[in-house]
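These notes open a run of structures that come right after.
One chain, subunit A, links the two complexes that follow: it is found with subunit B in the first and with subunit C in the second.
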Partner chain A sequence: MQQGVGTIERALRAVGGHGGWLAGLLLIAGWLALPSIGLAAEGATTGPTEYRDIPYIGSRNLIWIVAQLHLLLAGFVLGVPIFAWLCEVVAWRGGEKRYDKLAKEFTKLLTSAYSTTALFGGILLFLLVAFYPKLMNYLTDIFFPSFLLYCLLFLLETATLYLYWYGWDAMQEGNKKTLHIFLGFLLNFFALFIMIVPNAWATFQSSPVVISDGTAIERAWAATWNPTWWPINIHRLIANVVLGGYICGAYAGIRYLSSRNTEEREHYDWMGYVGNFIGVFGLLALPFAGYWLMREIYQYNQQMGITLMGGFLSWLFIIQAMLIGVLFLGSNYYFWLGITYRIPGSESKYRKPMLWMLVSLLLCLAVWMTPHSLVASIEEAQKMGGAHHPLLGVLGVMSAKMTVSNLMILITFMSFVMYWRAGKQDTAGWATFGKAVMGSVLVLASIAVIVLGVWGYFVPAIVRINYFSTSQVLIVIFVILTITPLTALLLKSAKTTTEMVWGSMPPRAGYALVLNAVMVILLMTLMGYARSSSRVHWHVYGVMRDSSPYAYSPALGSASLIMAFCTFSFCMIVAFIFWVATMGDKAKAGHGAAKGELPHGIPAMAGGSPDERR
Partner chain B sequence: MGKAMFKLVIGLVVGGGLWFTAKAMGFPPVFQWAFFSYAAVGTVVFLLLDLPSMKPQSGWGAALSVLLFFGLLCVGYGAGASLLPQFDPEDEKGKTAKVLGSAKSGNPLDPWKADEVIQRAKELDQKVKELEARIKALGSGLATVPQPGGAAPVTASVPAPGGASGGDILKVGEEQWQLQECYNCHKLRGDGGKKRGPELDNIGTHLTVDQIKQKIMDPKSYMATGFEKEWEKGRMPDKFKDVMSDGEITALATWLNTFKNTAVDTPIPIKKK
Partner chain C sequence: MGALGKPIILMVAMYVFLKFVLPYIPGSAPLPSSLIVLYLLLTAAGIVIFQTLSGESKDAFWGPMQRFLTGENIGGMQAIRYAVLILFPLLVGWQTYGSTAASDVPPSESRTIHPAPPGEYTGLSNPVQKTPENIMQGKGFYAAFCSPCHGANFDGKGPAARGFNPPPANFADPTTIAMLQESYLFWRIKKGGVGLPIEGAPWKSAMPRWEAELPDEWIWKIILGEYDGAHQSPRTWE
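Take a look at the complex of A and B:
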């Protein structure tokens, strides 16, 4: 052991420089994998090695942690460019320069975040090859062509990222700006494919489509186009935007808490608002994508769906409900804090609606968190007359859960509208009529969602799933698409009665932003566990059985500790990336940089900022 | 402060009310406490909205506070999840060990005397046919022996030959059905999926034990009418000959052969090989 550590230290010293810690982590991964070679000897006598293990931590846990960190970093790296590009487009079209600066501030993180993600991807690959050679052989055999495509995409993404970041200052005017926007689009375009190609490998494990005949490309294509591929693609794309938004919010929250002057407070308060806004708007769409994914899982394999929702993993979805509930509460709370502190005088006007929204959210959360069947003692079961409580059992089914999730989305949307309208007085002649229309749409939509939910109990499941639940979703989308433009039109001519005061939020607003980010990250780790556990003792469901000693799902309690560890580690890595990326700003500030200028500058890993290079 | 106390009292009253109502309605304790906690969370959120602003923090103090807050969230999450009812991973381990153990045993250690079992199954099959013929001759007009619930197999439970080492072949067959999760694609006795594979309640009328066995070992050997696309795509996994022993396949085929419910429209298999 001592010798191993010494070797790493020597290697680290030899590499030195900025890339030292990256190389060190790679070496640590290799060093950790070393004992597995010895442990594999047993398998080598009877045939090819199928599994290797590592003492103490166990190969499964190590893979779990590294894979989860890689996935979270990947979500961050794919979410941030979407976030940054959207901000840049807003600045480009709307002329608000602060959005451009925000976009740049986050793009600055990308080079270091990108290399860290790739590093964890590399570690994961090494560990997978070392610990699960049988599985990796099989997957390589199936997906070989897409491996090559993935490498190509990586090259294109890297080149585009360099051009996008290093060309930021050089491409600010006229057609060059248009070219820069196009580069941002390309960056996201390649990033999307970088996400969906490995999604195929992961979803194949859950819902494999194996054809024995055909060329390598035909086989890879059939395996790629498996039933859960697109639902996961869409779900992850939206989730990445949410993650990007909330991480931005958390960063702003922390910087807001530690800011030393009014200027900083104003800036990071505003940044927190933008991050929360983007996170919330992604969050509104996420349950729909999640519902589609679960529906596809049920259609592909009823048993897998039952294992997840009604089987041994059903309590997992109660935790999911709790996390989503806290996220909704946290996001709404931040809007309400905004109304209370940023727009003085509005709090009394909106206090009652806030209370009703809070009560409604809690009621919805209570329904969402009600399990269908319980792990009850014999006495409790006898009292209830079975594992299902006569009343609670009714609330535990999907019809009730779909209804409350749609209502929670509507409430959150209304919180935002309330925030948007606060401090403004309508002057348009049609304002009364417009508000009546919006109110009616909202009330009728809520009633329709509830009626469909109740009606869902009395129709066959297929009708509920295919028509009623879909209709609920469409109703909510209709409300959002109707009220948003109407409110925008109303506010266009509205008189501002109270100016928005940035930087006046209490410190707990910063904590609320951190809370939201932590909830999103925990949710992602929880869903990773759910997806993996739903395969039970299969590497590739129904095709390749997991015959390792780890062919079981860990209980929720122990799994949650690993999830918490992953969340903690991820946040520390992101904090490190932010710290490294802003080191240059501090240095610049120390050398008398213009006051009031927003921080921008040195990319962490690639040496030197565009500003400095000029 | 007075306003905060008022909110706190209201929150406690609501929470207490929910707790007692839940108890009176016979809800399990976990829900009584859950309802109380919803009221508590609501009260906390509403209290937090009005609390006087905290003392601004900065520098390392702020970073440490965030870190503590963050640690608290993670610990709370782990503790919360640990308090919920837990499933026992040993159950899953046991099931996997059973599947892998029997798959590894292979032919040399086959616990069933395959030839004897097949012979016995054939005899039983013959007897069923004779019974059906006799019922027809009696003019009952029923093609099969009336089955309780309309779906139970004709030969519900036939002891397997071979005494203690033989065991109950039909029981083993049914167990294999569950272990190999055939129900994911085939509906039987009203349970399971039927989109990717045919419903099998009448498979015993269409195929013999040997033919079913051939289909399991080589999925391309037979094609169910109406499932041409699935057959072409090779939807049925070509893995059972590798993961099951000959005895297990025989037991599964024998068990499936007992399903002769003509009331169910099991598609006719076409021989392809």
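Take a look at the complex of A and C:
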């Protein structure tokens, strides 16, 4: 005993100089061992373990954060190959090498993000198995064959990505380039299935179907074909393109702000434009897909639909309107800055149309953001005669929201067309007639969208949902499909009066790109929460009840804290990935930085824009 | 002052319109402050976006503010600058104090008007056939049990309506029962205000629990009568 005490005293003296380190190590070890408290607690009970927990943060919150980060990373990793491949095809068919360089740069970001996505996917799986064994057992029982398929797809996707990225320079000429393009196609093909297979697991939890007896494959197939599977597949596919586009835009924006020479500025200005264009292109289609998804949810289960759109989650849709509004404003602002700065002399010509577009966008946004039931004090509610405003209350329902969202899409599309046409003079003989047709189509379409929106108040809901809303969508698609080829045809013979000047955008354009990316990330965390929490206290809606201590919906304020944390963490992860991915470029650029340096040699972020007007 | 003056005038004009003009349009009412702030924020965002579209307009807009705040060549306005620099943080502090200090004013409401119905009600369809006789019977029941509050014209203006806050629902408004399925109305009539789920809190509804007095068949008939009388149709999926 005496000897034992002496040994401990000697050990303590030996570490005396490193007490702080030791205490730190012990704290970390203690923290890492905390889950064992949960494990030990479960071990004492009889029967199979249904749940495990982790102190302080809680199992649900941890799963929420990891799942959200995994989904955001996955969205980026699955969205970017689509337009990277399209850029490569454009370069291949059109011969413009800069598109090939851009596609390669997009793919470089992809390779670094891919492993991080897989890492978070692995962590998520371990946590799900550890914290929710009962649920995972149930899902495994149903989806076992698709788990195997998913693993196979993952192997194929990884192999294809490696070949696509590492073979880029080696497969540039002749048949090898064709093979490389085919690899890009395969990459997207596998990526699509990598997305839709786990979508089946998540959508089955929200909208389960009755599974009759049969083989394992038959059961998995039946569960996969649930009512919200395809609406989610389409919605996520488009959203991934939007996310990828805006994140690449933000990357370009930051590189633009920190670029020190003219070549870099020109390249990243152009890359920012492409990123924003891709984001907007997807954004135009996203509300249609979202509407279809909500319609299917309502039709599947009225209770779930009302919980989302009329119940306690309906406030999320007001925040959603705000975020989408900022996204539309930010994207249009970037287009308008492009007209002003990249096409010298255009500002005076387009300032008035920009003002009208801005006013129209803001009016639409005001309608979209007006809730049906207003936040009001008791006194204010008494003056209004309830929670609905007698005059503005009509703006709070779907007929108004659908109308303004369609109008915002039309305005944004016209912003792009305006940007496209700026600095060019029509020479075609039919130009006047063509412009008159386009103008008429736009005006008539806008009137038709508004008339259908107002009429929607006076017809049964089913007529509005099935005919009026879909007609509004079809009208907008018709406008896009009519004006795009007509404009392209007009511009084919048009004379360029002012050349596009790349690299002359003010710093706020770069910040707008970053803002758009943050908005879209926040939007995905918000609506991801809405979709997931619409199951309320069910793991599998109406089938397997959540009997854990977390079977409650958090207050919206608490939920928004987690969403903000996820957004911030994702931005940090992406920043880290991009930093690592571009480390080599910076080192290379450091050797030959003298060429084309800016007058002051300082980046735009620090006030080094070459344009005095900024 | 030109480029800065116009936005200031626009903001003031917008505030005056929302606060003192819009409420007095026939059929309107005063707007809650949350909505006024929202619309003013949108106006301010629009101003900033438009004024920063070009270098010239940005300088004309930010220049005077920047010069004033930095004190560069503002001559006799130095005193005002110091006053603003001192008073503005104080104003922000006062506002923060006002919004966080304990008060006897009840908090703003964000009540859920349409909480989700219990699962057992969602799949129900009206078992009563939509015949002229049943509709007439439903209207009769409505006149006896519902019209004192919801009004003989289905507009929420019954003789007893003035005593309730919030007022009884206006069925003629296309944003009320026209947005809901019949099963939803059946649940609300049957269970009343006390049957609202927890997400419907605060339970501000004086609607009686009619299941205690009316058989289910009567409730379904009332629903037929309500939709017909208010010239609305229920939400359906066919």
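Quick note on the criterion: the second predicted complex is superposed on the first by the 536 of 614 C-alpha atoms of A that agree within 3 Å, B and C clash if a C-alpha of one lies under 4 Å from a C-alpha of the other, contacts with A are read in each partner's own complex, and residues count from 1 in each chain.
The definition used in the following text is that contacts are C-beta pairs under 8 Å (C-beta built on N, C-alpha and C of every residue); 3 or more make two chains touch, one makes a residue touch a chain.
Quick caveat: nothing in here was measured; it's all calculated off a predicted structure.
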Given the alignment on subunit A, is it a clash or a fit between subunit B and subunit C? clash
Output check: A:I319 vs subunit B and subunit C. Expected answer is one of first, second, both, neither. What do you get? first
Once the structures are superposed on A, label A:M563 by its partner contacts, choosing first (subunit B), second (subunit C), both or neither. first
Looking at A:P507, would you say it contacts subunit B, subunit C, both, or neither? Reply first, second, both or neither. first
For A:T340, select first, second, both or neither according to whether it touches subunit B, subunit C, the two together, or no partner. both
Kindly classify A:M527 by the partners it touches after superposition: subunit B alone (first), subunit C alone (second), both, or neither? neither
With both complexes superposed on chain A, which partner does A:Q303 reach: first (subunit B), second (subunit C), both or neither? both
With the two complexes superposed on chain A, say which partner A:V359 touches: subunit B (first), subunit C (second), both, or neither. both
Pick one for A:I462: touches subunit B only (first), subunit C only (second), both, or neither. second
Does the superposition put A:V394 against subunit B (first), subunit C (second), both, or neither? second
Which stretch of subunit C would you flag for clashing with subunit B, going by 73-81, 91-99 or 217-225? 217-225
What part of subunit A is shared between its subunit B contacts and its subunit C contacts? 299, 301-304, 312, 315, 329, 333, 336-337, 340, 354-355, 358-359, 362, 365-366, 369-370, 374-376, 380, 383-384, 389, 391-392, 506, 508, 542
Touching residues (chain side subunit A, partner subunit B) in the complex: 209-213, 222, 254, 257-260, 299, 301-304, 312-313, 315, 318-319, 322, 329, 333, 336-337, 340, 354-355, 358-359, 362, 365-366, 369-370, 374-376, 380, 383-384, 389, 391-392, 506-508, 510-511, 514-515, 518, 522, 536-537, 542-543, 545-547, 551-561, 563-565, 567-568, 571
Residue ranges of subunit A touching subunit C (in the complex, touch as defined): 299, 301-304, 306-307, 310-312, 314-315, 329, 333, 336-337, 340-341, 347, 351, 354-355, 358-359, 362, 365-366, 369-370, 372-378, 380-394, 396-397, 457-462, 506, 508, 542, 611-614
Going by the contact rule set out above, which residues of subunit C touch subunit A in the complex? 22, 25, 27-35, 38-39, 42-43, 45-46, 49-50, 52-56, 58-59, 105-119, 122, 165-167, 173-175, 178-179, 181, 183-184, 199, 233-238
Subunit A touches which residues of subunit B in the complex? 25-28, 30-31, 34-35, 38-39, 41-42, 45-46, 48-49, 51, 53-59, 62-63, 65-66, 69-71, 73-75, 77-78, 80-93, 95-96, 99-100, 181, 183-184, 192-193, 195, 233-234, 237-239, 243
